[in-house]
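Here the structure is laid out as structure tokens; the discussion comes afterwards.
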Amino acid sequence: MNKLLLLTTAIVALGLGPATVTLAQDKAIVIGTDVDAGTLDPRLTRDTTAYRAADLIYAGLVHLTSKLEAVPDLAESWESPDPQTYIFKLRPDLKFSDGSPLTADDVVYTYESVINPDFNAPDRALYSPISAIEAVDPQTVKFTLSAPYAPLLSYLDKGIVSKAAVEAGKDPATDPIGAGPMVLSAWNRGSDIVLKANPSYWGGAPEVTDVTVKIIGDNSARAQAFEAGDLDVIQSPLSPNDIARLKADDRFGNVITAGLGVTYINYNTKDPVLADPGMRQAFSMLIDQNSIVNDIYQGVDEIASSIILPSSWAYSPDIKQPTFSVEGAVAKFNELGWKDSDGDGILDKDGKKLTVTLSTHSEDPNRVQSVELTQALMQSAGVDAQVQITDWPSFSTNYVQKGLHQIALLGWLNIVDPDRLLFGQLSTGGSTNWGGYSNPEVDKLLQEGRSSLDQAARAKAYQAAATILASDLPYFIISDQGYQLFYKKPFPVEVQATPRGNFRGLIGMDE
Amino acid sequence: MAQLATSTVGAAIAVKDLEIRIRGDRGSYPVVADMALTVERGETLCIVGESGCGKSMTALSLLRLLPDAASASKGSIEINGEDFLAMPERRVEDLRGVEIAMIFQEPLTALNPVLTIGEQIAESVRRHKKLAHKAAMARAIETLQLVQMPDPARRAKQFPHELSGGQRQRAMIALALACDPKILVADEPTTALDVTVQAQILGLISDLQKRLGTALVLITHDLGVVAEVADRVVVMYAGRRVEEASVYDLFEHPIHPYTLGLMGAIPRPVAGRPATERLVDIAGTVPPPWDLPKGCAFAPRCPRASARCHEERPPLEEKRPGHFAACWEHVDA
Amino acid sequence: MLAYVIRRLLLLIPMAVGMIVVTFGLLLLVPGDPAAVLLGPEASPEMIANLRRTLGLDDPWYVRLGAYFWQLLHGDLGRSIFQSAPVSEIIGGRIGATIELAVVALLLATLIGVTLGVLAAVRQGSLIDTVTMLLAQLGVSMPVYWLGLLLMLGFAVQLNWLPAIGRGAPMLDAIVAALSGRPQVLWDSILHILLPALALAANSAAIISRLVRTSMLEVLREDFVRTAYAKGLRRPRVVVRHALRNALLPVLSVIGLRFGALLGGAVLVEMIFAWPGLGQLTFSAVSQRDLPLIQGIVLTFALIFALVNLVVDLLYALVDPRVRLG
Amino acid sequence: MPDTALLSVDDLQVHFPVRSGVFQRQSATVKAVDGVSFSIKRGETLSLVGESGCGKSTTGLALLGLVKPTGGRVRFDGAEIGSFRRRDLKDYRRRVQIVFQDPFSSLNPRRRVRDAIRVALDIHGVGSRAERDAEVAQLMARVGLRPDQADNFPHQFSGGQRQRIGIARALALKPDIIVCDEPVSALDVSVQAQILNLLADLQRDLGIAYLFISHDLGVVEHISHRVAVMYLGKIVEIAPKALLFAAPTHPYTTMLTRAAPTLDPRHRHSFSPSSDDVPSAINKPSGCPFHTRCPLATEVCKTTEPALTERPDGRLAACHHR
Amino acid sequence: MRIPKPLRNPSLVIGGLIILTLVFLAVFAPLLATHGVDQPDMRNRFSLPSEVHWLGTDNLGRDLWSRLIFGARISLSIGIISVTVAALIGTSVGLAAGYFGGWVDMLLMRITDVFLGFPAVVLTLAIVAVLGPGIVNISAAIIAVTWTEYARVVRATTLVLREQNYVQAAKALGASWPRILFMEILPNTLGPIIVLASLGLGTAVIIESALSFLGFGLPPPTPTWGWTLSYGTRFIRDEPWLSIIAGATIMVTVLGFNLLGDGLRDILDPRQLTRAK
């Protein structure tokens, strides 16, 4: 019967030609994305879509370029009289999209709510060094820090909300009023977010007048919709095989570059089997980076050699993690006393078998495949490796974040500064140090990296830390994630992609 | 009193040499054989017999309504001199309801549950008389009146389940009579009814037949019904006629041992002869149609059976004037 | 009749209460902390604890359940933890799409199922019958998401006849637009819904066709069909007017149950075709542990399910004069 | 009535509620059995006769506790059933048995005949397993079945044979009385004769009493000692067979006897073709329930219900006019 | 020589053969497998059928034939566990509700309503999330959404059966309710239950694959069909073979159970099921 149906549908469709209807000539684009925004309040954004939509609706003090440099946005200029003080000068005559003026008070209001613990802003930790924000005059804002905090500037692109509007009862989450290049015109939950150009943006209205952000959860479905012509732009996350195909298709343009994320192994250093760095080294030698990156991810990512992103100013090619070698791993295990004494094919020591659980979350099939592959390789080296796959909440909040894991495969995104990956996670007692890693020397280097304002000094500290981490291995970095963006040709404006995936480069705005 | 017709001239319906076969899991076998009937206008022929004797199959074959597995494999059914069995299906459809109509046993299942009585009768009228909807409805109500349905206009708007058993059977009769058929076949029309209602329906059928002059073929297992309405009677056993006579001859002088047994099994006086204290008990059961004995099908149960009966099937012969029986050892009256 | 409707609606209360309690109990046991999911991986334990307090997640279960019922009594479904909107608003924005999809799928399934079922029954034993029933068997045996992907691959990607994903204008709006001279809007909506509706309908169409065939064969053996032939009616009229009407009665009650199955299947289909309905929402709500939203969805499903079955029963009474509701 | 009665029923009532509305409150009552009294002596056959829906079968089922009586008393062998404890009730069940009308639904299609008959013995723990099997063989022989058919399933038997199995099952516990609920209505006349003969033989040999429920006056006349005529849940006349059939007192009894076909083509009835239906049990007529169909009905019949009173010849009848 | 009646039913024969083959493959999987089930070969991903890999290889270069026949064990185990328990629960509930009626019926039917009203996905996902993936736990989720079917059918059948004269006769003989329920009624509901169970096995296979598709299935590298199909659909564009063969395996299995169920329905009292609605 299905065949019959197919046939009838086919006939119907054939008679009426291609289904896609191109409507207007004015510059409108449709961007495909994987999740719906949870909120449009820039202070509360968690998901990428919310973040990117808010980036269009609102404007921050600074704007991060595709090279992650902070350039002026609402702020015209800034100065730092001492390492613990930043003073921003706002542009004159800034206006929110409702026509009301944007002043220093709005900036103060925005950041005060972000650092207020009861406001529950998800990235409050990034702003915790801020001890005070003051409006010096309607056009001047002063940030006072409790300690020197080098990464601060790259976090000050947070959109500024209108104090007056919020206090008048307008919820920025659903009813956003910002000073960004676009305004919200409709939000069909779960379906799309429709934005229109904002003529009152200080830089003038963008070239692209209409942006529709369409939500298509499944990566392959999104790619297919793009190929079918329903979308003008798609970007990471995408399935590697889709990427390979789209890349070869000359109907589409692409931007393929290094991203801001890593895929890594988190060893629980508190676990008796994994407490010894030697064990972690042995296990790391069982991770076939080449197969994972080139076969499973089909080369869209790069094989990582250390914890610092190659695109970062702190990168050094000299730092190396252990590389894949089953023999090497077995030798290392033997050296540490694990031998197959009973001939069952599983290594053992003091009568205990070498058993570990590898885990990841079910949402990302590539991670699942990587874990499957690694599990098989561990088996072949005599490790009784088990696999645990659960959905994200079970995996992250109930497992890894509680330090219940042994070897977990995870990713970390948006590493605009090395501090963002290292400080909270690998310093002793760090708020996200789920593997319980502790090394006083690393602690010292990370603190140094965060408080020094000299980039060369910071780079040196981070490289020193990375060198220790490459042999201590609380984390084993598998790959540096790539970033891919595909767009339909011809595209109404010049595409300027940023590895953060923000949309400003797609609407014809110069940096 | 009509003569027992051996000629079919003037008969409303004449069946000759009819055989009905069933093809099923057990192969192909006859359920009715050597069947012959003639019924004249105004005459009532009763076919009587016990379950499985082939009487209902015979009735259905008269309208060419046999179930898929069964078919009339031999013989002819002449209506107005035309062979019903040889006609194309469309012609048969044109004649059904007009020339020949049928009343079924269980009116609750024989009437469509989701259509009103009026709609069901009017449908037939519209089909054959080419009447418009309104006129057909009026005709339906008229027919309901004819069958003495109380409050016919209201009943016409009701559904079968809203009527009592007796009313339903009246509706069924009205449905059959709606286009003035010349031949009416009634298959056990009162079996599902209570005795007082049965009396009314029997009264109605014979009353209507007298008034309309229809030829009536009535199928029943109940000799009481036969005694009340029949002119002539055919007794069937195992797919064949075993005895045929006028109703008076049959009740007063039954000559086939099976007929005698049937009458003896009734716990009430038959034609004035009082019932015995102990009922006649025909031993054994009816043989299945796919496994009939070689000789007379009744022989294994027959108290009078001789060796010949087991070997040779007796033909239906005129044993007394106008009284036929198929028996080697029949009772001499 | 009215009393019957009221009684049926009242019976919804214990059902809803039961479902809330079961959902609540299950989600109490499900691992994964919505507060932690909400705040993301960069959040510190103190931040998570703080948010849990704010959301009332630390209250004892009976307090939370009581509060939920209390709120429900006031007609309030609560606020989603993850989406900054009231649950009723979120569901309200989605429900139309799912109902539209399910209704179109149901219509498709019924249309296809009844046509094929009748053909197969009337031509019992013929090639049509064999082929139809073979297709029906395949239809019920095919995992819906696999079929969905194959359809998408064939019609949207390879042939590029139909849009792969998403939804056009809501069907009602599209009809209005078409009536006011913009038929392409309706056309667009129809093109969008075809594939997902087809994927969703296949299974039900197969089930309905088999049921119609069985039911039809049974009805064709009924006495009243013989009566209809005895009246001299021609075959097509007997099949359509007498047999089909009666044969569809059992189908009707199955359609009610199928609607439930369609709503269930909608989750997968909506995910594949990016259909912005309750199904997608359900999956994301479950995978985010968004308790108030899940509760709202479950209640909505229960309500739809119960109402559809009530409507089916009422329809049944309407088309079958023998059925008395009381 | 003196205590010679094996079973006596006094003012038996079986009412079924008709529910409606939102909360399914009882809105009406179907009085299926509405104050029925009679008694049966040992070895006697009392017939309950009437048209469908008159409550005769319900009366039979109520006697066995298969439907719950709403009111009234049943005395068996001097003791009242209502007061029976479980143990006594089990004993009562041994002594009162039932044979059903439909030979198809009265046997479990998935159980062998042996098991169907033996189940009674199993329940009451009669004898050893071997003894019970022997008893089954005897019972089968007693009702005219070949004991070697014991391992067959019901579908392998004809209607008459199944009815014999049903009788064997009822006989297994050697009951004092068997309620025969239309036991021959579904059978062909020749088979009907076989079963009626069997029932007569069993009564003669075992002294079993029958409550014989039937709508067929011919059968009733044949088998009964006494006959009770029921109409809309009530007994309208009860009399010894000969008396009842020779000269019915109640107009309804007259109507019934006149409606039965004669079996004599030379003395046909002239049945009236006009319609005349039994009123529904939900909306029973006031006064005498029969007044709507009664040729003798007067005003008093519409208002006052006649009591069942004893007539000079010893019979009981409920009519104002006869 | 006459062919026995059941063997003349094509549904039954074809369905039976499919299922017998499947059971054979599952039982003897360790002997029939040509490769280790989780032996990746990254140089040989997505290879087409060959002499070495009869059905080709999957996304990690593992032998598909070996994985599918081992997967049959899992699918069948889940099917058998879930169907057995669901049938037991559903039958008990249906018997009790149908036979006792009154408030017992009312209560049980309200409970059934709760399960029927649940969107199946929410219930299964929540249960698997609570219990964690595992053969028994996934079976539990399937049971939760399928037992009502048995309850409904058995209840309806029981309602018909309890009015049968043989049940009345058993009561008249003084039989206790367990005796009536288990000796007189239950055997007559077995036909529909067996048919439902056969269809239910197919349903279980489909639900398991859907759970895997949604990421709630048994953890890899367990060679479940659901995972294989789920991966297959990810690569459907470029490597359609994997999804075709995995989808076809599931479809043929479900088809086998459905045909078997239909065949059984034909030979086991054909009217019983249609009556039970």
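Letters A, B, C, D and E name the chains as they come in the text, with residue numbers starting at 1 for each one.
As a working rule, contacts are C-beta pairs under 8 Å (C-beta built on N, C-alpha and C of every residue); 3 or more make two chains touch, one makes a residue touch a chain.
In this text, all values refer to a predicted model and were calculated from it rather than measured experimentally.
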| item | value |
| --- | --- |
| Any chain that touches chain E and chain D | C |
| Graph distance between chain C and chain E, where chains that touch are linked | 1 |
| Interface ranked first by C-beta contact pairs | A-C |
| Chain centre separation in whole Å, for chain D relative to chain A (CA means) | 86 |
| Cα-centroid distance, chain C relative to chain D, in whole angstrom | 53 |
| Cα-centroid distance, chain A relative to chain B, in whole angstrom | 88 |
| Euclidean distance of C-alpha centroids - chain A vs chain C, Å | 36 |
| Contacts with 2+ other chains: residues of chain A | 224, 363, 390-391, 394 |
| Multi-chain contact sites of chain E, meaning residues that touch two or more partners | 129, 233, 236-237 |
| Sites on chain C at which at least two other chains make contact | 30-32, 138, 142, 153, 157 |
| Touch relationships between chains, expressed as pairs | A-C, A-E, B-C, B-D, C-D, C-E, D-E |
| Touching residues (chain side chain A, partner chain C) in the complex | 1-6, 9-10, 13-14, 16, 18-21, 35-36, 38-41, 44, 46, 117-118, 120, 122-126, 171, 173-174, 188-192, 214-218, 221-222, 224-225, 227-230, 363, 390-394, 396-399, 401, 412, 424, 431-432 |
| Residues of chain D touching chain B in the complex | 51-52, 158, 160-161, 188-194, 196-197, 200, 215-219, 221-223, 255-256, 258-278 |
| Complex interface listing, chain E residues touching chain D | 164-166, 168-176, 179, 183-184, 187-188, 190 |
| Touching residues on chain B, where the partner in the complex is chain D | 50-51, 148-150, 164-167, 170, 194-204, 206-208, 221-225, 227-228, 230, 247-248, 251, 261-262, 264-272, 275, 278-282, 285 |
| Chain C residues within the chain A interface of the complex | 30-34, 36-47, 50-51, 54, 82-85, 90, 93-94, 97, 112, 116, 132, 135-136, 138-139, 142, 147, 151-157, 159-167, 184, 187-188, 191, 194, 198, 202, 205-206, 209, 271-274, 276-277, 280-281, 284, 287-289 |
